[in-house]
Each structure stands twice: as structure tokens, then as C-alpha cells.
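Can you keep this structure in mind? I'll have questions shortly.
As written, the chains take the letters A, B, C and D, and residue 1 is the first residue of each chain.
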Amino acid sequence: MRAAVISGVGQVEVGTVADPTPGRRDVVVRVSACGLCGTDLHILQGEFAPTLPVVPGHEFAGEVVELGADVTELAVGDRVAVDPSLYCFECRQCRNGRNNLCERWAAIGVTTSGGAAEYAVAPAANCVRLPEHVRTEDAALIEPLSCAVRGYDVLRARLASSVLIYGSGTMGLMMLQLGKLTGAASIDVVDLSAARLATAEKLGCSATATAAEELDRPGGWDVVVDATGNANAIQDGLGRVAKGGTFLQFGVTDYAARVTIEPYRIYNEEITITGSMAVLHSFERAAALFATGVVDPEVFISDRLPLDRYAEALDQFGRGQGRKIQVLP
Amino acid sequence: MRAAVISGVGQVEVGTVADPTPGRRDVVVRVSACGLCGTDLHILQGEFAPTLPVVPGHEFAGEVVELGADVTELAVGDRVAVDPSLYCFECRQCRNGRNNLCERWAAIGVTTSGGAAEYAVAPAANCVRLPEHVRTEDAALIEPLSCAVRGYDVLRARLASSVLIYGSGTMGLMMLQLGKLTGAASIDVVDLSAARLATAEKLGCSATATAAEELDRPGGWDVVVDATGNANAIQDGLGRVAKGGTFLQFGVTDYAARVTIEPYRIYNEEITITGSMAVLHSFERAAALFATGVVDPEVFISDRLPLDRYAEALDQFGRGQGRKIQVLP
Amino acid sequence: MRAAVISGVGQVEVGTVADPTPGRRDVVVRVSACGLCGTDLHILQGEFAPTLPVVPGHEFAGEVVELGADVTELAVGDRVAVDPSLYCFECRQCRNGRNNLCERWAAIGVTTSGGAAEYAVAPAANCVRLPEHVRTEDAALIEPLSCAVRGYDVLRARLASSVLIYGSGTMGLMMLQLGKLTGAASIDVVDLSAARLATAEKLGCSATATAAEELDRPGGWDVVVDATGNANAIQDGLGRVAKGGTFLQFGVTDYAARVTIEPYRIYNEEITITGSMAVLHSFERAAALFATGVVDPEVFISDRLPLDRYAEALDQFGRGQGRKIQVLP
Amino acid sequence: MRAAVISGVGQVEVGTVADPTPGRRDVVVRVSACGLCGTDLHILQGEFAPTLPVVPGHEFAGEVVELGADVTELAVGDRVAVDPSLYCFECRQCRNGRNNLCERWAAIGVTTSGGAAEYAVAPAANCVRLPEHVRTEDAALIEPLSCAVRGYDVLRARLASSVLIYGSGTMGLMMLQLGKLTGAASIDVVDLSAARLATAEKLGCSATATAAEELDRPGGWDVVVDATGNANAIQDGLGRVAKGGTFLQFGVTDYAARVTIEPYRIYNEEITITGSMAVLHSFERAAALFATGVVDPEVFISDRLPLDRYAEALDQFGRGQGRKIQVLP
């Protein structure tokens, strides 16, 4: 089959690889669309340390075309979104219910062959059937949405919170959509780029700015979310949490990034800083929300390229152009 | 009556002031003992910005000697511990259930005359009657204990957590005692002074060290508590939180203190940093726990001085000698 | 001034009473509209045991026309919604942060003169200023909305829950609107009356039925809410909670109502049954949500009658006709 | 090997069965001791519907004597306690983090051969190594303790709660011990039998009674736990929950048991009724707590019988004599 392959640091090409065969509890999925995200770039930069070569792609949906010997709950022809998480279910973290912190962390498209290919293998239990009105390609958005759901699970914000989100890319906008869905009284969005903010406005946020001080809210926000991964944004955001409020580190920074906090304020204003990492008990729920239309694919997917142009797609993503970029095999 | 008076920055003396008179819902308490704490030093340094002169002392217990016109729930002769918090019940924070963040923050012994005196006035609702087996003087420990209860309310730690506490002063030791009472599987304590650690050992912690690296726990601790207010301790402790764990800022630093955090870890290991400020819905509960003997006054109270030696007591406290120092009018 | 007066059991009339005068921290509000609710009927039936006569009405909004001596945060002319809760701030429940369970429970319109009158007195801290785009009369809906917010605070439901609501009256519909706002994946509504269900459909629920079994969901719902106060509905609903799910008792039944539960299921399926009572830390937040348009007054207010027809309005409410009925002085 | 076998309804004998062989990720454990519990009786009565014959026993500890091909984290000779839970990790509940509600529920000693035998097979990930000072036989108490830990995870009680426990058998006493470890201000215990209450007193509860009304606490208890499985106890206990308090259904009743609740009180006093089922993310934590000595084996284990007397042991347990009864192969 045709597949994108990251063969070494900085090396990515589309070529022919062996067709995948399913294990007993796996299925083979013919990929309809596969989204790109920061993790793919990290792999290309040799960072998330999987064994190269690897077929990337952890955000995908498609049609079941082959069943492993012990699979009865799915049928050939089923259209599914795939949770890429491959938890070990054995380590301290898994046994403690925090599988996303699994000590043997593994994922389709990171440590095993992924969805930037004609076919991909996935455990049957990771496949969520799509309702009729959801288009298969669009369902590749469920994976990033399931990360955003985890973010709000960590926050457990109360109704009527004031929310400030840094970043108006795919994830910032998903945090905006879910913010509305968790009953925020207001959601303001900050991004360096006015063009990106236009999308936030289109989706219906309360205010936007290219710098948070323009928003003029001296008491701060109940919930501040970083969805940039940028240390400047984080540093700025930490100072804008209201008394008793929470900062969520959702963006992924460089390992080396550092920011400064004020312990007096943490104590005196009972500020909480917390983080959200990938998917935990949130994939099926994201699929259910996606089916309600919370994320409009026409707004979120900016580019759909053929699989053969994977390298170009990744390059464009790296340059920060567009929102969600998909390859279609 | 005799009372300690902080009359200006750096100025403290014991003198004669007018006897207090109760408002309609207040009582007058004859003070049995009043503990000293960091807040008293801050007032002396002109920091918590109350109007000087003020009679300090927010940790006290005594006997009710006079009732305001509308008080029926207490009787003259009742022995009580006093919650010094004077919430406004009207501001945004109070109406939101976070009275300890009250925008008109006030407290007996900080913004109004306190317990370092023969008599003090307190709202009847702030007085908790003591059971027979609790000595009145000892009950002055209930106020700091109620802060520690708030700390564990914020933590809501699960049974069988591993806990690391920085600081083996009064508050670190109370956090140790309550840590046992919240089902920690282990509680290690770090302090610069071996002498102070001896008390932690006497109370039954799992391990002590003058530097946390000696404890050799590369995976870190589920819960790390700063009970020093020292930026070095905080910086060290932030690096020792286990995956999925929580850091509690309980110690009070200078306004100017700054520490550094790693956003990548906050995200990737879902670390939480949070804070606990004074007393919230925890005074009566601290009194109930105190009655069960969770805090042994003979261990916790290191010095009992007559009220007339208040200045000396405060000076000794400032030099970090002893644990809880009380003055007895 | 003109006011409705419940003067004895079953006796209600509109008459002339003395104009109210504010306490030092109170304001006088000229009432724009006052909603009726089950509590008013209970008072008429002599049940909530206030001292009669009383001017009823705890759901109201209006314009500030007079300030108590110590009020500075409001100005004459301010348009406000009024939280009727009069907590004591002194009892065990209040000091524990559960003011809605106050042992000296009191409320404007129940234990003191209420809003079914030309003027009403309220503590300044209970008044929430309205933004320009909110009509004063409509803001009388904030009080019931703040009860619904409390309901969801108790539930703390996760995103993507399936919800079943019994009752499509004012409160059931508010629970529906807030259910959407807390990210429910689906919300089904049951009511005996097809006419009432039409409104739920108009507001956008996932399904309606006059009996829950028609909805054919054998696994049950994650969240089941009673908003009827009817024992049959409650009994039916308890059996429809999914494994690990929660039943919220929001409706107010007769004291004498009894329903049956299965302890084996509570244990084996870890079912939770819980309740929500009036307003707690939720009034300002309901006002903020109301300002976002979560509750459309044109849908929720079915009848607006002049104050003089208060008795008729209450009678109509008692006969279960319409949704929210308001009187306008 | 020798093993107890439940071969049909009401039929239990000790006989010789084939020695077990481990799967690739399993180990074989030589059983040191195996505790009996209500589940064993249910199996004997044909209730938990496993395929008979089965070797019972889900509470056991022993020594690793053989490793599956892919096991590296354990070594022959390791002494371990065994979590009997066999989650599927694939169903809706498992993927939602509620493995104890697994739709394909399975457990060692219920659906597969258990510990009432010389040897038993267990997944390596289910084995927790024992520290040196813990005796292997005693560690069979970790499994029931891990159920009690789950109970308190569900409760998430705050420090200084008042607790009332019905039942002073093994589980009631474990709930007592953990109640102390979660900072209860007081724990009262009710049991029909004065002899059983003597043990609760020995362990240090605040009060005991053969009927809760003797305890004379009209305001009720913050937390009420049923650890009897008896409908009379449950009915009584439901009426004794304080305002804002919680009832935990921990005991296992007959399927047919029914009790009555008052919806008005659930609403008006915001009462919560909830349940706790078996083990969830709590086995390792129970092992850690057990190592601290929270449960004294000399108090908890009333009888140690040779495996050959398994039928007699089960019969004695059925008659309610003693506390934890163990068989030792």
C-alpha cells in the first residue's frame, strides 16, 4: 500500500510499504482522511523517540475492511474513528486510572504504523462507529477533540466561568467550542494573528485581542487556557488568572521552556495551575459530541491534500499556515 | 486592660488600653493564651497594612465573660476557641463561597483588636465551645490547625498518597499530622535543621532529610507541600512532584519571591500546583479534630510566656527559635 | 403601596400596605415583575410556616429607588435582579459553606415581605445589576435559573453525558437549557402533556415522550433529573439511571411522598441519588448566563398579569396552566 | 494439586485438579492463605452465575513459583498479594475508567480458578510485591481492604466528618479503620451483636450500639455506611444522614431487597445516596496502607483452617461466626 514514511530525522516521503495484517482483536481500516498535528513534526525532528522508520498519523477515520480473528463487535464496511492510544493496562499509572500517563506510552502513528497511509491497523476496542450523518473524513477531527474534552475534564469548570484562551489554531478553537459547551459566561481569545482571531469571532467568542491587556479585565479570568505552546503566551496568561481561578497548560512547549510563577499569589489567591495531556476516557465522548455538530468541519479543516503530498502538507503545517490540514489517501 | 500594641513599624509594647465592649452579636473573651505566627511579624513590619496601632493576636482561646445584647447561644463561663476571620459576606468572593478570598478581608488581631490582651471581642458565631477534656490555653492551636485543614480541603488527596512536606515548624508538623489523618501511605519531611526534624520523627513520619535528594525517590511524591515560605524549598519541591501529582503552596513567601516551572511537564505529566490561604469552612472542623488529640500541645507549644513579655516572644519567633510560642495574659 | 398579601391559609388578596423602609445595608426596589412558583402555593396552603400575613414573591427584578444609609455600591436608578436568600451566616451550615441549608432559613417573599408588590426591600449585596440589553421584567427569571445552576453544580456532570429530564415546566425547561450548556451529548424530556413537550422540542432536545419507556434506552441515562415533584415520575426515573450514573432530585414533592430503591443496584452499579435545594453561590452566575440569552423570556414567560390579579395568577399556576406566570405592579 | 471445588449448587468439596499453567503474561502463585467472603457463598448458591465447577477464592496471597514467557517484572520467590479483578479493558465502562463496572466482569476465583487451592494463576500486573515485614498469609486481607478503599474513594469525605457504620464484621471494621484514616472526627458503629461491637471498641471507635437510636444524635451523621447488606440496617441508616450528608451502600443485599426513601428530604437537605462496588484503582493503594499496619491481622483474622476443611470453613462463614476466615493450603 501507499504510505507516508518518516524514515529518519528530517526525512519524510510517500512510498510503498507492506499491507498491514490485523492481530486477533484488531481491525484493518481503509483510511478516509488523516489529520496532521504537532506530534508529527516532533517525530520528524526525532523527538518523541519512536523507532524510525514509522508511518505517522494518529488522527484518522475510515472504513473497516478486515477483521481480526476474534473481532465480533465490528463488521466489514463499518465507518469508524480511531482512538490512537495504546495503553499497556499494566503499569502503575494504568492501574491507577491515568492511562494517558502510561509508563509504556504507545500510540498508533507514533510507536506503530499510523493513518497517513491507505490502510491502518487498530484494536477493535479503539474504533468508534460513526452515525450516518457524520462524514468519514470529517471524523478525523474526533481525536483532537478528545484531547480538548480531556482538557475540560481536568478543569471541571463551574457554569458561568469567564474563560481566556491563548491561541486560535485548531486546538484553541476547539477549546472555545467546548468552553461554550461547559457553560462559560464569556470566552475571550488571544492570538498574535488577526486573521486567526477572525475565526474565533466567527465561532462566537465574547472578545478577541492580539494582546490580552487590550481586553482590560484587571480582575482576571476564572479559567485561562494556553493553547499555543508558546512560553510568552504562558507567562502572560499565568498573570491573568482571577482569584480562586485555574490555568490550564494545554499547549505543548519545548522541553526547555521555562516560565516564572509567584508563590505568594498561588497561596494568597488560591490559584491553581494544571495540565492536560492527550486522551483519557474521552474518545467516545468526543465522538458523541462531534455527532452533535460542536465542531464544524468546514471551519476547522483548512486544507485537504492527497496523501502523496504528505511532505508538503507537513511543511505547510510547520509554517503555521491554515488550521487542520488533512491528507486523503 | 493590659494588651500588646503594635503602634508603628517595628514598634511593639505592652501597655494599658481601654476594655473592649461587645456589639450586639459579639462576646467578650478573657484570653487564656494567644499564639504568635508569621502574620504578627508582617504587621510589625508594616506589611499587612492594617491601621496602626493594633492589638495583635489572631490565635487565641479563652472564657466568655460578657455577652452582647443579642447573644443567646453562648453563656458567661463558656470556654471557647475563636475563629479570627471577619468575612464581609457581601463581596463577589464571599457570595461565591470563597470567603477566605474576601475582597474586604478582615480579621481579629489584624484589622481589629486581637488576642494578645487580657480581653478580646469576637462575634458569637466565631466562638466554638470546647469539650471538657480540652485545656483552654491549648485550644489556641485550633486556629493554625484550621489553616492546615483548609490545606487538605484544597488537596482532597486520595487514600494512600505519598507525601513530602518541606518545613518542620508548627505548620509543617500540623500538615504531617493531618497527612496521616488523610490516609497518606508515607509522609517524608525535609527541613534545614536536624533538630526540627527530630520532632517530625517523634510524631511518626516515614523519613526525614535536610535535603530532599537524600530521600532518593526518583519518581517523586504524589503530594508535595511547601510549609516553609522559602523560595529555595518551593523550587526544589516543584521538581519532586510525581506524574499526576499535586504541589500545595501553603507557606507564605515574600511578595517578591519567584520560582520557575516547566510547562512541558505540567502538560505531559498532568502536574497540578495549587494554594491554600487561611481558614475556609474549617474552624469548627479543626476544633473537632483537635478534641480527638491529633495535635499534642506538649509537642507543638514550645514556649509559654507572660503577656508582658510579648515583644520578647515576637523577637524569639522572628529568630526561628522554638515551635508555637504563646503569650498568657 | 399596593401589594399581594397572603393573610391566612387559603386567603390571598391585593391591598394597600405600608411602604417599605430600607435598613442601613438595604435598598428599596420598585418591582418591575415578579414570578410565581410552587413556594407561593405552599405558603398559601400554610405549609412553609412563615408568620402570616406575608407579602409573597421571591422571583423579582426592578429598579433601585432608595438606598439604605450605608449603601454605596448601588445607585438610585440601577436596574437589578434580587437574590431572595437571607442566610444567617452564623449557623453550622452557613459556616460550613452550605448556606442553602441554613438552620435559620429565611427569604424575601417567604419570611419577609416580597416582590408581589410595588416596592420591596432587599440587602444591597443581594442585588445584581443588569446589563443594558436585559429587560428588567425578564430578569425575574434569574432566580429560578439560579436554582437550576445549583442543580448542575451538584451534578458536576462530565461533558457528553446522556440526560433524561422529567417535567417540561419552567424548571424542566431550564434544566434542559443548562443541560445543553454543560455539554450533554443528548437530553431527552418526559412529560405527561404533549403540549408541554412541544416547548422542549422547540428549545432543541434530542427526544421527548409522554412515558420514558417509549424512549427505548435499556442501558439508561447517565443523568436523570426529576423536575416534576411527582412521586410516579421519581419512581420511574430512579429505574432509568445508567451504570455509574446519577439521579438528581430537583422537584419538590409532598413531605409524605415515598419511593422505593434497590440497594443491590446502588452498590453493584455505583448509582448516585442526590438533591439540589434552591440557590447556593449561583445567583450572580445565573445572572451572567441569563445575559448570554440561555433562557428566552418569550418562551419561558407564558403570562404577564397586573399585580391586582395576583390571586387569579396564583390560581392559574395552581391549575398547572402555562409556564412562568408573572405579575407586573 | 489440591483445591476446593464448587461443583454444583450447594456442592463443595476439596479434591485434586490439574496443576495450573500460566499464560505469557501470567504467573503461578503458591497460595499461602485464602480468605472467604460473601461472594463464595453466592457462588455456592448458584448466584453469581459462573460456569461450575469452579475453584473459588478471590482473596489470596502467596509466593510466585512460575513465570509466564513474557513476565520480567516478577521473579520466582517473590511474595505477592493478588488483585482478582480481570477487566476487559475494551467495553464502554472500561474505556470510561470504571473498570469495576466492566460489562464482561470477570475475576479470579469467580469466573476462573481461584485461590482456595495450592496454586493459582494470576496476571503479573495483578500481583503486588509485599514488603519484608508483611507476612504472606496476612496479605490475603489486602483484597477486602481494597474494596474499602474504593468505598472511601467514592465518599471523598472531608476531614472531620461524623461517621456511622452499620455492621461490625470484617468489612464494617475495615470501614472503621479507614474512616479514622480519612480524618473522621467521630465514628460510631452499630451491630446487632454486642460481641462483634466489642471488636469495634477495641479498634477505637467513638461509640457503639445495637440500635442507632441509642446513640441519640438527632441531627444525624455526615456519612452513614451500610456494611451489613441487611435491608433493615439500610432503611434505618437512610433516615440518619445529616443535612448535606452521604449514605454509602457498601453491603451487598439480595437482589430483591427494597428500601424506601423520602424525595422531599433528598431535595431539601441535599442528601446523597451512593454505592461502592469491589475494587477500582485501589489494590496497590490498599497494599501500601496494609503495609503501614492499618489492619491488624490478629484482630481481623478470626480463623485459620487447613484447605481440606474448606467446606466447613464456608459453612461457618455462612453461619456468621467469626470475622475473616482463612484457609491455608
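Just a few scattered comments:
As a convention for this text, a residue touches a chain if its C-beta (ideal position, glycine included) is under 8 Å from a C-beta of that chain, and two chains touch if they have at least 3 such contacts.
All figures in this text were calculated on a predicted structure; none of them were measured in a lab.
Chains that touch both chain C and chain D are the following: A, B. With B-C and A-C as the two chain pairs, more C-beta contacts join A-C. Look at the CA centroids: the one farthest from the centroid of chain A belongs to B.
Between chain A and chain C the centroid-to-centroid distance comes to 39 Å (mean Cα coordinates, whole Å). Taking each chain's centre as the average of its CA atoms, chain A and chain B sit 43 Å apart.
Shown for chain C are the residues in touch with two or more other chains, namely 96, 284. By the touch criterion stated above, chain C contacts chain D in their complex at residues 93, 96, 98, 100-101, 154, 226, 229, 231, 234, 243-244, 249-255, 257-277.
Residues of chain C touching chain B in their complex: 25, 87, 89-92, 95-97, 123-125, 280-281, 283-284. Chain D makes touch with chain B in their complex at residues 149, 152-153, 156, 158-160, 178, 180-183, 185-186, 282, 284-286, 288-289, 291-292.
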